[in-house]
Amino acid sequence: MKMFLLSSFLSSEDVTILQDSFLPLLKGVLSYTIPLTLISFAIGLILAITTALFRISGIKVLSGIARVYVSIIRGTPLLVQLFIVFYGLGNLGIEALKFEPFVGAIIAFSLNTGAYASETIRASILSIEKGQWEASSSIGMSYLQSLRRVILPQATRVSVPPLSNSFIGLVKETSLASTILVSEMFRKAQEIVATTYTPLLVYVEAGAIYWVICFLLSVLQGRIENRMNRYVKT
Amino acid sequence: MKMFLLSSFLSSEDVTILQDSFLPLLKGVLSYTIPLTLISFAIGLILAITTALFRISGIKVLSGIARVYVSIIRGTPLLVQLFIVFYGLGNLGIEALKFEPFVGAIIAFSLNTGAYASETIRASILSIEKGQWEASSSIGMSYLQSLRRVILPQATRVSVPPLSNSFIGLVKETSLASTILVSEMFRKAQEIVATTYTPLLVYVEAGAIYWVICFLLSVLQGRIENRMNRYVKT
Amino acid sequence: MINMNNISKQFGDLVVLKDISLQVEQGKVVVIIGPSGSGKTTLLRCLNVLERPEDGSITIDQQTLKFSEKVSKKEIREFRKQTGMVFQTYNLFPHFTAVQNVMEGPITVQKVAKAKAREKAVDILTKVGLHEKMEVYPYQLSGGQQQRVGIARAMAIDPKVMLFDEPTSALDPELVGEVLQVMKKLAAEGRTMVVVTHEMSFAKEVADEVLFMDNGMIVERGEPSVLFEQPKEERTKQFLNLIKQ
Amino acid sequence: MINMNNISKQFGDLVVLKDISLQVEQGKVVVIIGPSGSGKTTLLRCLNVLERPEDGSITIDQQTLKFSEKVSKKEIREFRKQTGMVFQTYNLFPHFTAVQNVMEGPITVQKVAKAKAREKAVDILTKVGLHEKMEVYPYQLSGGQQQRVGIARAMAIDPKVMLFDEPTSALDPELVGEVLQVMKKLAAEGRTMVVVTHEMSFAKEVADEVLFMDNGMIVERGEPSVLFEQPKEERTKQFLNLIKQ
Amino acid sequence: SSVDEEESSSGSDQSSDKSLYEQIQEEGVLTVGTEGTYAPYTFHNENDELTGYDVEVAKEIGKRLDLEIEFKETKWDSMFAGLNSNRFDMIANQVGIKPDREEKYSFSVPYTYTSAVLVARKDNNDMQSFEDLEGAVSAQSLTSNYADIAKEYGAEIQSVEGFNPAMELLNNDRVDATVNDRLSVLDYLKEKGDQSKVEIVAKEDNASETAMMFRQDNPELVEAVSGALKEMKEDGTLEEISNEWFNEDVSTQ
């Protein structure tokens, strides 16, 4: 695709635009896209583990809360969630809920990641054989000890591939943060388009940058999986 | 959340706006969101199965094509894909590639679904025990017969939950089709906001409609899973 | 009936079968014993061409496969129909009921009409004592019943030879009997059978010949009474001691 | 040492253990046999409180659990440390090496210092013949070796009683011996053991008493030579015929 | 020489002997890009029909050129993509005439002369005149002339995607002001009535001009549209349409 475009469509001006826009785009990546992704994913993971444990706790109230949270987040578009966190909460007149764009974005993305990843983590915990729970309690471990020492380490291995997918997905979804004024890469691209009037060109460039990030991440994913798989037959 | 908003924030005017906007939103759902989702998902599934079979075929060229396709689609934002299909291909001067908005949206969403779902399907095929392949070839079945009669039916069961997630995700992603002139529900919401100047209200309403659709779909998913699970111990 | 000549098989660098030759006459029952990793399963799988030997040839009835030459997939599929394989872990099709499992071969491979295939499947299942369980899914059957469906499925394609790979080793002790019973019945009917098993009583009662394999070779062969009671080779003695313990 | 009084257990409507009472003296080895589903595993799991009986009480050494009353999780955990459980399918922790598996109980539960736990684990693994395999992961071990790690892990918490649930039934015939060897050694050392197994030779050689269970009840009990050779009950005779076949 | 020509080059050599305008005339359809979400210029009414000042002007032009007008609705940035890639041939969306745009696109004669107003929250007493923008944060559309005005007065720009987000931010008290189109703001205030938290605090008389926008490969069409617009100005039709939407004439300076 890229080669095709390159050979048949790029005038020298196009090339100039691509070059000029590269640095601003990169800046958007480094100062917003990546921090946003990393921080949201980290918080989201903590949320996700908590939610997953609530779901499997067998305590009705907790698993109810978890269910409702997951259902609302998974049932509505991320865009709407961003709007509610930023404009909705900001409108209540409570100063503490009037988040900065970056903070608002982190809240919305963390909530979103938390809900989706909780399902992954729940499934991976459930995928660990019952025998592992039994073996650990038979040597006297408590529920929390079993979880921490035996179940979660194994569940982690199972959930690395789907969580990596979520992570890579999140990188691209951060582009929606532009709606609440975070100047991540896609926002930068829009700003450039606003002066060059070449949306296709600049968006494809942005797409290529996303692709490179995703590619690097998937290489990293492969490494992590290998490390995690050291204790299973291959 | 909804109750909260209802009791403390809705003026009678707000209620009128909600009522007036319901029909247009519903129309957006019925005439675009749902058809777009259904058709794209159906085509995407066929693509996904083909791609998955390419990947596991062991034939270098085929699995190479599949890899590149999946990598490009998964590595770039859907928005960029929509731009390329609609504005990029439309610009080549080949009449056949200048799709109508609805057709362009279907192509982009199908390609997108195809790539993501192919990974799901590939994983589910690989999850079927080797013994099943052996048992079917030991009674003389060919590769394709084994696949069709033995492997795919079982793989289908395994892949129903993740594919349902993709499907539900697609419902929400169709909101991006507004970028290429399809007036699906989210576009309708934007149009309404343009005259009522109440973005939060209308977007929350749209979110609620998405949520209802997703909820209904997940009920359906439960039914299908039950049917699929008739031959496994529960 | 079966004529294996100089069969060799290796996985990567690991030589698993070393130049094995073996004849089995029509109607005979051969039992193969040997330690884990000695190549018993691989030998059986070569007979069913689930593994392709690097060298040698196999003849069953009229058809011969020469593995030094190119063999087409179609030839392999044809050849496969001469043998019916029964797996250690049954490998039933979980999404088919018992009778559907048995009908699958005739319908899909031999293109028999559905009604006729069903009739035949019912006959076979009755023979293995399962006519009351025809419409249930594998998960609803005990291990012994599942294995009998496995035997029925293999028989449904009318193979000239039945191959069994430790057909009872995944079963609870009390269920073993059911399956051995069916196998004895088949032997009594004069079927040619090659059976990998450590069930001594079965071997003693039914086998015409017992082979002891070790390290990819047939170390010793003979009538069961002779091989079990007066093994010649040191390795055989050692092994028999272990499993009798 | 063990005193089980009127233990009852049901799953939903299914009564699995019916008012079972059982005494085992210190240093004795009891073998439990019986058909599939008779409740052998459940009985053993009750001793480890992996299942909570609905009624009755269990005393091991000094500690008693009365199941008609409320029993706290902490009490159960304390009680559990008196028994070491060895599972049919090993249930080793796959992400820990052999020695880490054995150290886990002492470190996490008994809060023993790491170095000390390691020392002890090495001792135990040496005893079960695995001192060369200490640093490998379970997947790199044969079934027999894995089961020996399982035994070592159970022993590491210094239980007063060792419980074995068909510890050799998932093993290849030639690997069974290794595990039985270790178990015999434990018995010879005077450990109290409750063993579910169908290995007759082991029972004959080691057991002080054999229990035959059926349908949730202990149908017959006695010294192995007596119970195996002259069973009194019809049901016992039937079962022994089946597994001797 | 411009980028747009590159991106749209394929359109112009479709059938080389006829000009684009001739092709359009042959088909009898003029495709027009518009946002459809910018009241009262281009939006959907209660009956869900696309209407507004720009829309009606475009329709009248169609009548005069004997062309059927087909509207294509999309977002601001997609509108340029659509024009560049021949998805449509004209944009009717209050596009202001600016030097950097003139480099890449062609414009008709203007059909709107509108002025800028400064909007601030009613409870903000520090924002009374354009001079107060110095050091304040103002929400502005990415490319509008209003952004330039705000910048000239020394405001820090918070860029947004259009009129609605700008007003929303102001409502939310996340920015101090917005410099925006007078007529849009009036429409907004009318819709909100007494509930409005914002008000117009100052006016800038310097009017800006907006016009229909085209690719540069289509001079005949530009000429034809300009001709029609001039005619409409002369015979009073444009004033009539303007009065219908604004109760005043915005079509002359």
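Per-chain residue numbering starts at 1, and chain names A, B, C, D and E are given in the order in which the chains are listed.
In this section, contacts are C-beta pairs under 8 Å (C-beta built on N, C-alpha and C of every residue); 3 or more make two chains touch, one makes a residue touch a chain.
Owing to the predicted nature of the structure, the values given are computational and were not obtained by experimental measurement.
K.L.:
Based on which chains touch which, give the shortest step count from chain C to chain E.
P.N.:
2
K.L.:
According to the touch definition, list the chains common to the neighbour sets of chain A and chain D.
P.N.:
Joint contacts: the list comes back empty.
K.L.:
Are the interface residues of chain A and chain B largely the same numbers on each copy, more than half shared, or largely different?
P.N.:
Homomeric contact, same residues on both sides for the most part.
K.L.:
Using C-alpha centres only, name the chain that sits farthest from chain C.
P.N.:
Centroid comparison gives E as the farthest chain from chain C.
K.L.:
Taking each chain's centre as the mean of its CA atoms, which one is most distant from chain D?
P.N.:
Here the answer is chain E, farthest from chain D.
K.L.:
What whole-number Å value describes the gap between the mean CA coordinates of chain A and chain B?
P.N.:
Centres of chain A and chain B (C-alpha means) sit 19 Å apart.
K.L.:
Indicate the whole-number Å distance between the mean C-alpha point of chain B and the mean C-alpha point of chain D.
P.N.:
Measuring from centre to centre gives 52 Å for this pair.
K.L.:
Counting only Cα atoms for the centres, state how far chain B is from chain E in Å.
P.N.:
35
K.L.:
For chain E, which residues are shared contacts with two or more other chains?
P.N.:
7, 78, 81, 84-85, 165, 168
K.L.:
In chain A, which residues are in touch with two or more of the other chains?
P.N.:
Answer for chain A, listing residues that touch two or more other chains: 87, 91, 199-200.
K.L.:
Touching pairs of chains, all of them, please.
P.N.:
A-B, A-D, A-E, B-C, B-E, C-D
K.L.:
Show me the residue ranges of chain E that touch chain A in the complex, using the header's touch definition.
P.N.:
Residue list for chain E touching chain A: 1-4, 6-7, 77-78, 80-81, 84-85, 100-101, 104-105, 142-143, 158-161, 165, 168-169, 171-174.
K.L.:
For chain A, which residues are in contact with chain B within the complex?
P.N.:
Chain A residues touching chain B: 1, 5, 71-72, 74-81, 83-84, 87-88, 91, 165, 168, 172, 175, 186, 199-200, 203-204, 206-208, 210-212, 214-215, 218.
K.L.:
Contact residues on chain A for chain D in the complex?
P.N.:
Going by the criterion above, the answer is residues 129, 131-132, 134-143, 145, 149-150, 153-154, 157, 230-233.
K.L.:
Residues of chain A touching chain E in their complex?
P.N.:
For chain A paired with chain E, touching residues are 9-11, 13-14, 17, 87, 90-91, 98, 179, 181, 190-191, 193-201.
K.L.:
Enumerate the contact residues on chain E facing chain B in the complex.
P.N.:
Interface residues on chain E, with respect to chain B: 7-8, 10-11, 13-14, 36-39, 43-46, 48, 72-75, 78, 81-82, 84-87, 164-165, 167-168, 188, 191-192, 195.
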